[in-house]
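The following blocks contain the structures, represented as structure tokens.
You will see two complexes here that share chain A, one where it goes with chain B and one where it goes with chain C.
Here is the complex of A and B:
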């Protein structure tokens, strides 16, 4: 219990951070049918923009401005880059976003340097909010939870309850019909792409100081975001949500399990001191996302909630 | 004709190359200058450069000017070998490296191969921080010299300190999952068993190197285990993030580190870590010392305002290197290596000796504590590291037995 409750809370927060990142990716995928390899780069851009903005103003400005900036960059990329490449098919688009990811990486290194920047939690949130089984719980984490949930509610409301959401949903599946009805489909695409990038940017703003802001953060986060989208089902927001929380929980909970293979499979004669027997569940935590990816693709290729095969 | 032309060109180029390498005495620093461990390598490169500048200002070594060149290896052993080849091609015959024993291990193999194949053109390895004990034991090599205490020596110092802390009843060991982290854990277990058999080791855990972004789950486990103290050999971002998580989650016992003084750690730890985080080091900037050393520290921090004087061992390495070269009257690695064996140097913090039997430096060590009562702070904070007389471990006391059977070349 002592490790379970805090782990549960941490897992949910990490999961929500993952969802913030992957919701944009999955929206863009269902709209354009292309995986945006540069998506995690917008997460990184969000963190770096926030760092620069906090240097001259404060964190609260950054919280609003940095995602908008990341979104504008994203919209620009769609308008002047992806839209032109779109005519040449999916492979060209995929390669375009692949190249873009490297480009953003290098630009970040040139502007902000190769090392971690000192992007810190605002002082107003740098205190202990409550004690949980002997360990302090930082207020900033609860703030992250709050931001993530607000974003979740806002996104749900926008997509399901407003007219704009209705048009976006229609454009996702029937772009030609929506076009014939007189809506500007390319602009809808651009807006959705920008909004997806802004969400990734927001994740960067609140994740950058909670973790570390450095040029390799996109490369480290990228693969996990793809796992979320594939496990949840391509293009399914609900699926991405479930997969994010599941992944967050599994990864954090696994670390607190010290049981070794030897103890689990002891009845099969596996000794706790042998090479395989001495591996503990905790040491497997970093590979759990990828194990899930492989298993899902084998057992249920369309993902948990997806309606099309990858 | 064409052949003649290219032959002449090749000869001319060889001449240019030879000319370039004769000018300066090149020291290639092969370390990470980017990525999660970038700050560690970068800080070290600055200290190598500064130490070289100071010596150059006084006329260099045996009339030769020292040139320090950095090669980014991204803490990757394979990449390090590529960089080593680049350094050798540039004419460097002195290789300095410190971040990562996995890298040092690859470099030792490559350099020993190079030296076997190229008699008369040997390369020397100045190891200032890769502390896997095997480098000065089973795997010792004549051209390898270590200027930092090895993991076992540091652990002996840490456990000597724990021995006298009666209120520590349980200890949690956490480290990075590679040769160094394993060496730290193994020596912690065996040292504690010998010195304080009553202490219970409530956890012994390895985490992936440089991959963990949030250590909170690990820290929660440590707190739940009820450990009175934590021992870690972590360095770079792994050290900073672990301590950051431990402090913000309210771990209350002492945190015994090897590299608590790493760049960025003080900012992340803040006031709340005062008195709690300890680091086993060969010196800190608040120790009583000579006016020359104080001036040296101030000059370094003035030259590199973003950094603090941390790697005192680089200062030692450079000065002993100079002494050895002058004693030998030559800058050839073989002559310098023979001169370094058994060399004694009056360092600002006491006498230090390079062991002849395994090429491990013996120097006084200090169990430093993070404090808010300091003359010289770090990272623009009023916080820094202090050590009293009782925290000093004499050089001779840090010596351990060695299994090294050194093969020396003919003089």
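Here is the complex of A and C:
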């Protein structure tokens, strides 16, 4: 129990962080059909913006300003870049975002250096909130939980209860019809793209100091976000939510399991010292998302909750 | 009426055309490959040429998927790597064999092992991947690449862990009197296999399967109507693409004498995508140009500037946005206009575009270089021609802003007049 409960809590928090990242991508993907390769780069930009802002002011300014900045960059990218490429088809769009991810990586390296920056948890939140089975549980993780859940509620409210949300939902499935009704569809696209990037930026602000703020954070996170979107299914925020939590739990719990294949399959005669037998479940944790991706695409291409195949 | 009564025989290319289009380029390639050593290249030049040969075959094999088959793969290095590992292990087997098959197998023909290894990997991995085209294919290739790269570090007996697997190319029988010791002798090995690879892949485009793969790319539904299974076509093309990637892996195994799990990762997969796309995926020669340019940039430009990856990214984005045909597209546009005798009409616009791009590039280079020197924090500054350029120097900003703005104004004006002509 003493490892299981904290892992469970950590898994949920990691899952919510993943959801914050992937909710924007799911919206963008189902609306425009583009899997934005650079989405995790906006997560990285959010963390770096927050770092720079905390240098001169404090964390709370960063929490508000950095996602807005990341969102503005995203909107600019959509307006001046992606929209031009759109005419050349989905592959060109995918390649454009692929190149953009490259570019943002390099620009970040030039501006902030190649090593990790010292972006820290604010002092006001740097204390132990409660003790769990004898080990301290940091307050910042509970704060992350709080931010993620408030964002989840806000997003749900915006999409399901407001007029803007109604139009966005309609544009997800029937962009042409929405255009015929007199809405400016390119501007809706730009807004959603910007908002999605802002959400990624927010994930960067609260995740950058929990994990590490370094130039490789986008490359590490990017493919996992893809997995969430594909596993969750096209056009489904619920699916993305389930997939995020599932992935968060699986990865966190797998890391805490030291059991090796040799111990599990020992009855089949697999020795614990052989090469396959010595592989532990914990060392497989980084592979779990990709195994899920490949399996889902093979068995159920529309994802867990998707309403259509992509 | 003349169009309709035209005989089919008239539509076929004449023998002279066939020779000019299908044989002459390869004769030229063979001559170029044979002439290069006569100019007495240095050791570094040989090393560079060898890497170019490997990358040419690798990029062409990638284009069998992306350009010809319309399949965007993010994990093509998997087949390069697996073919390469097969070749390195075969190299070790040749080195340690006293008798039997391996003792008689010359190192020179190792790429054949790589070819087989790549084909085998393609046949196994292609089965689940090729059911769908488009984004699902791209995602599966990404997932499989991540899985194989992770497995590469896990199974030390096959992939040698972080240090990789090493071999020695100076073992076994010599063929064509090549000991394969010095890089100049490796050059002949690489040149031979580059020629075989390029010719083989060109021949593939002429086969019914090659034609069908293009048809499947353009309209899978109609391919089904004429009685072919698109999934099967994709699968077969995938196997061949993997095989030729394995061939280049075998060439790399002999050239470097080492293979590490790094070769399976997403980084080389991304690089080969850049090579093929920058060169131009719609033309057979495109990836060759891209491979030559990127290999050159990788080894030469990285000596001049640390930001070469940034320039590479910029080049790629510009190609995606403004020249989807790639470098080959630009080149062929030029020669087509020359042949049609319309050069006079378009040359003015092209000259304007070239000047505009050059100006914008000039400003960007200054911005990037000043930024790179500033970010290093060694107190060094960018000092071209004795100028002392820092962000505090107003001259820097003049040199950045004026050319970039001027370049963009020229390019926009040209784009507007072009639209005006069409409208």
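Operating definition for what follows: the second predicted complex is superposed on the first by the 309 of 310 C-alpha atoms of A that agree within 3 Å, B and C clash if a C-alpha of one lies under 4 Å from a C-alpha of the other, contacts with A are read in each partner's own complex, and residues count from 1 in each chain.
Following the convention adopted for this analysis, a contact is a pair of C-beta atoms (placed from the backbone, for glycine too) under 8 Å apart; a residue touches a chain by one contact, two chains touch by 3 or more.
All of these numbers come straight from a predicted model, not from anything done at the bench.
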| item | value |
| --- | --- |
| Contacts of A:252 with chain B and chain C, given as first, second, both or neither | first |
| Touched partner set for A:297, first chain B, second chain C, both or neither | second |
| Partner chain in contact with A:110 - chain B first, chain C second, else both or neither | second |
| Partner chain in contact with A:279 - chain B first, chain C second, else both or neither | second |
| Touching partner for A:215 - first (chain B), second (chain C), both, neither | first |
| Touching both chain B and chain C, residues of chain A | 109, 283, 286 |
| Contact set on chain A toward chain C in their complex | 33, 35, 81, 84-85, 88, 90-92, 94-96, 98-100, 102-103, 105-107, 109-111, 113, 223, 226-227, 230, 275, 279, 283, 286-287, 290-291, 293-294, 297-298, 301, 309-310 |
| Touching residues on chain A, where the partner in the complex is chain B | 2-3, 6-7, 10, 14, 109, 114-116, 118, 120, 128, 131, 133-138, 210-212, 214-216, 220, 252, 255-256, 258, 282-283, 286 |
| Parts of chain C lying in touch with chain A, wherever the complex brings them together | 70, 72, 128, 131-132, 134-136, 138-140, 142-144, 146-147, 150-151, 154-157, 270, 273, 277, 307, 309-310, 312-314, 316-317, 320-321, 324, 368, 371-372, 375, 377 |
| Partner chain A, residues of chain B touching it in the complex | 33-36, 38-39, 42, 177, 203, 205-208, 211-214, 216-221, 223-224, 237, 241, 248-251, 264, 267 |
